[in-house]
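Scrolling down, you'll hit the structures one after another.
Each of the two complexes below includes subunit A, the first together with subunit B, the second together with subunit C.
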Partner chain A sequence: MQNELFTSYETDVFFDEMFGSDGIAPLDHYRSILNRLKSLEPTQIEEKQKQADSSFLEHGVTFTVYGDDEGTERIFPFDLIPRVIPDKEWQKVEQGLRQRILALNLFLNDVYHDGKIMAEGVVPEEVVKSSAHYRQEMVGFDVPRDIFVHICGTDLIRDETGRYLVLEDNARCPSGASYLLENREIMKKTFPGTYQAMSVRSVEAYPELLLRSLEFLSPRQSQKPVCVLLTPGVYNSAYFEHTFLARQMGIEIVEGKDLIAIDGHVYMRTTHGLVQVDVIYRRLDDAFLDPLFFEEDSLLGVSGLMDAYLKGNVALANGIGTGVVDDKVTYAYVPEMIRFYLGQDPILEQVPTYLCWNDQDRDYVLNNLSELVVKSANESGGYGMLVGSASTKKEREEFAQMIQASPRDYIAQPIISLSRHPTFCENGIEGRHVDLRPFILYGEDIEIVPGGLTRVALKKGSLVVNSSQGGGSKDTWVLKD
Partner chain B sequence: MLSRVADNLYWMNRYVERAEGVTRLVEVKRDTNLEAEAKGDKRDYWRSALQAMCASEGAQEEDLNDPESFILFSKRWSSSVINSINQARENARMVRDQLSEEIWVELNNLYLFLNSPDAQQTYLQDSSKFFRRVIRFSLVFQGLSDATVHQDEGWLFMSLGKYLERADQTSRALDTLTLLGNEPTRLDLIGVLRICSAQSAYRKRYRGDLNLRNVADFLLFSQDFPRSLRFAIRRIDSNLHDISGVPAGNFSNEAERLTGSVLAQLNFSGIDAMLETGLHESIDDLQKKLIEVGQSIFETYVLLPFEIKNASVPPVVQSQMQQQ
Partner chain C sequence: MRLYVLHKTYYRYPSPVRESFNELRLQPLSNDWQHCESCFVSVLPTAQMRQYLDLNGNLVHHFEIPYEHSKLIIESRSTILTQKRVDFDNFPYGVSLQSLREVEGQPECRPYLQTSQFIDINPEAWRMAVDVRADSQDVFQTAYQIMEFIYLNYEYCVSTTTVETHANEVLQSKRGVCQDFAHAAIALCRCLGIPARYVSGYFYDATRDQSMRGAGASHAWLEVMVNGYGWFGLDPTNNRVVDENYVILGSGRDYTDVAPVTGTYFGPSPESLQVSVEVKRLDD
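Coming up: the complex of A and B.
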């Protein structure tokens, strides 16, 4: 017996993850899960979705929405239909990500040391130094193991033809890994048989791999390193993730007030006195880390932390100043970095980018606003963005003014029709746009758990997948060969 | 372990125990009130209850008209049941990595329930169902603390919080009798025993001999009833020594010294001496000492020595709400 769920499903003009570009037959790697879905009674599906939602709420798998009086906790909406990626496809993505994180790290080391890439005119010096997250204080400092970015969340999208493109890198404090792990737990309970039959590659090693890459940084290798996770606190939107990862790794989760810096070393306050800390997995942006060094009124950080860091007595993951590569202007140069440092062609392509500080590009952008996506160079979370095709004349005029006032802060990209994925919606199953955020860990080796967090724009037609903008998520199944 | 974590675990348990104690008090006072009214004996039970819980000051006119709702649901009074559970959960959220999943789920479920319209509705339709839910939660919580939590230092801090709060709650329940303004009736005495879940234990010990002296004796001095003050303080004493590793009888910090002295007082004085001093005054004195014990635990394990000595450095971690 089969339900009617997919009988009126339309792939439209988009690349569909399940039905490909022609939209007629399901792709081979989706067959099992599709059959399973079709075999369910509508009430069973509802029941499964309800179970999943209440399980998230009960377990406190929530994030906090800002701008609300009560600081409401919400669950990150979860969709039961998994995204499936065949092994071969994933291998290429993985190679591309490895190549990319190598280049990004080489770039950061170069930028804060000799600046060869700037001297040779591959990346303009003014672009780097005018970046909001460039840290003059890091010039000449050797970060532990020469690694700046230990955890990177690189967002990938697919265009009309199904080609994977890098949309942006998150090399500061990328979040979402806990949802990836929790989504998997739910899916294993929801579709145990199908999960097993499809031989999905496991993701559960992430916390262990993360801990290993943190311990690798410890300045005191002769003993078991003391690693801690530094959180801004219980009111931070990603607080659940912080406790989740700390618990999975078995390390302490600390707030700024739990740490104290004395004579160039960092200690945590315990019931038995002070204990020296070796590695801090900080989930706090650079500017809040140390009120003596950065924002003077930050209550979240630790006075004297930077002094200890620059003396090499404590390691930070990620390093300071990595935000330079999150800058969407720097992003435009990553293919050049890969060629410059590695002598290779980029394995993963990325979205063509117009840089508004460049006169020629800016003219083009201003004349074609309705066909472009304009983004602020240093905003994240889907803020500070204009999707030309869905904008009003007034919005376009506002952006035109902002671009002219500070061209360095804006870039524009052609509107990519993100791939879509069948998703449970109010009126049955419909296609919704998705992206993919894999998490790349760079320690002794580079490790990437298969897949990543698939984010889905639940609003019809929306291209913005961020949780703060009404996005949800799906489990991502990378299949064994 | 992290000082803040110890503090959070301690307070999480205090607030859970407080929610249970306050709920028990409301449940029984409501009953006693009904029965007394039926007998034409109209007395102000709520006034003495609010006074014993130190809730009268913050209460406003409208609160006094509906004291039950005030004690259960008021956002204004920090020790209302809803506030206690919210704060317990807030503390739990900060130490989620230390808790078993079961404990978290139970606590979070009660939190979600109390903050939903269901809570008021359940309470209005079937108040005893509501009381059972809160009390049952606390008992499950304690069971899970013993059955699913690694019994290390963190667990000892949880236990400290539980017994300090319990000692406090029992003393307050007993104090409602001294605050009545009249000689307590049979009904009042049974009420207090019920608040402390002590009815059958008491009956076994004293048979039918129900009077204020015996009730006070039992709740203050019983050696083996788990809600008596003496029992609770003996646990606090042994928890503190387990944390410091210093043998019982000796002390290595102020918290241990103070606890030892309260315990000695309960071991070597008796009910008659206390009645002579005045029951209310004696209870008051015990409560003050319990507050000092709480404060000295905080100073010993949460603050750094230089933060106590140097008064100009404000304590970075604020002590949470003790009931004064």
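Coming up: the complex of A and C.
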């Protein structure tokens, strides 16, 4: 008995994760899950979806939306159809990501030391120094273990031919690992048989690997390092994730007011008195960390934290000043960084980028606004962006003005037809655009849990997958060979 | 077998050094038996990395650090797919030592029959080689006997030799590490006219009790030419014919040609040198 879920499924002109580019036959690695879906009664599907949604609520898997008067906490919508990636395909992605995080770390080391890549004219010095997240305070400082980015969330998309492209790097405080873990928990309960039969590579080691990467940074290696997770507090959009990861790792979650810096060391206030802290997994942007150094009126940070950090008495993950590589202008130079520091070509390609900072590129961008995506160089979460094809004339004019007023702050990219994935929608299963955020951990070695968080743009036709813009997520299954 | 190797080298200098020029041979080869899926070689302080192929066909990374620095960290991460390269039930017996005359002039073999920096062909070595050979007429059989002889009669001990210990000295003292064992075996092979080359690389210790020697460091062994069959790897440190547990970084006449890290700089000797090698098996 087969249901009719896929009978009217259309892949249109897009690369479909399940049906490939021709859209006729399902790809081999999707056959089992497709058969399972087809064998379900409509009532069973509804039941499974309800079961999944209620698990999320019970587990408190929520996020907060900013700039919305209601300030609501929502559950992150979850789609039952997993994204499946065959082993060979994943191996290439994984190697590309390793290469990339190595280059990014070397770049940050270089930027805050000799600046060779700028001296050689490969990356313009003014681009680096004018970056909103460049931290002069870090010049000459050797970060613990010479690693700046310990946790990186690199967003990948696939174009109409199915090729993976890097869309952006999140090297400050990337979110989403908790959803990746929760999604897996729920899929294991929802499709236990299929999950087992398909031999999916496990992701459960993430918290342990993360803790190991943190402990590796401790300045006191002779004893069990004291690691804490520093959260901005309960109103932060990712607060659920902070509590989740702290609990999974078995470390304390603290706010700025729980910490105190004395004589260049950081201590945590506990019921047993002060405890010296070795490593802070901070989920707080640089600017809020220490009111003595950065934002004077930050109530979230710890006075004296920077002093302790620069004395090498406490480690921060990620390091300070990593935002330089999140800058979308710097992003454009990553392929050159890989060639420079590693002497090899990038394994993963990225989206061609026009830099409005450059006169020629800017002219092109201004003349072709309706065919491009314009992004603000330093915003994240899908804020401050114009999708040319879906914009009104008025919006385009506004962006043109903003670009001319501060060209350094904008970049533009061709509109990529992101791949789509069959997704449960109001009227049955339809294709929705997806991306993939793998999480890369860099401690004693580089570790990447197989897959990552697949985000899906639930609005029909939308290319924006961010949770703050109405995106949802899927579990990602990387298969063993 | 898919293997992942992380090789870290960490030099710390007592006071800043400058004008450091370095060559690294840390990228596994791709050949009939192994495919290097990826290899990332990175250094700190940061430097521009360049690559070239040397005369032995090994990939060399080259970089220079002109500015003052007091530490140098070199890391190499590689993923290699290795193939079964020998049939243990069917070793290439039946090629006579006499027939090697046909290949001795070939450019592929000639350099590996000569004296080289750390390996001498001299009467003492020749006498030892003749004794080990006994009445064998077969190339593989003889090379195997040489490997076994060294494994059984030489003492494996760390820090009695250096990277610059000559094969002559090893043949006398009968002790050393994998590099010395390989040099000694090569010397004996060359004395008997068997083309033999030095191989640097890694190996994965699949034994349950991790009883193999040299797994936690870079490893070295030799390859001998069996004409008509090609090069065969022999590991005198472990008395083992080289199989898919081994990863080849490069080969040459002796250690000089394939030293993983070589270079020059102005400044004092390193105050410490730490090397760590980790070989992991990945899912196929």
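Keep this in mind: the second predicted complex is superposed on the first by the 476 of 481 C-alpha atoms of A that agree within 3 Å, B and C clash if a C-alpha of one lies under 4 Å from a C-alpha of the other, contacts with A are read in each partner's own complex, and residues count from 1 in each chain.
The criterion applied here is as follows: a contact is a pair of C-beta atoms (placed from the backbone, for glycine too) under 8 Å apart; a residue touches a chain by one contact, two chains touch by 3 or more.
Only a predicted model underlies this, so the values are computations on that prediction, with no experimental measurement involved.
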| item | value |
| --- | --- |
| Which superposed partner A:Met268 touches (first subunit B, second subunit C, both, neither) | first |
| Contacts of A:Val234 with subunit B and subunit C, given as first, second, both or neither | first |
| First (subunit B), second (subunit C), both or neither touched by A:Gln99 | second |
| Contacts of A:Asp114 with subunit B and subunit C, given as first, second, both or neither | second |
| Touching partner for A:Ala132 - first (subunit B), second (subunit C), both, neither | neither |
| On subunit A, the residue positions that both subunit B and subunit C contact, one per complex | none |
| Residues of subunit A that touch subunit B when the two form their complex | 57-60, 234, 239, 243-244, 246-247, 252-255, 257-258, 260, 268-271, 274 |
| Sites on subunit A touched by subunit C in the complex | 87, 91, 95, 98-99, 102, 106-107, 109-110, 113-114, 116-117, 120, 146, 201, 340-344, 347, 445-446, 480-481 |
| Residues on subunit B engaged by subunit A in the complex (per definition of touch) | 1-6, 90, 93-94, 96-98, 101, 104-105, 108-109, 112, 153, 157, 243, 301-302, 304, 316-317 |
| Touching residues on subunit C, where the partner in the complex is subunit A | 6, 37-38, 40-42, 44-51, 61, 67, 73, 77, 79, 278, 283-284 |
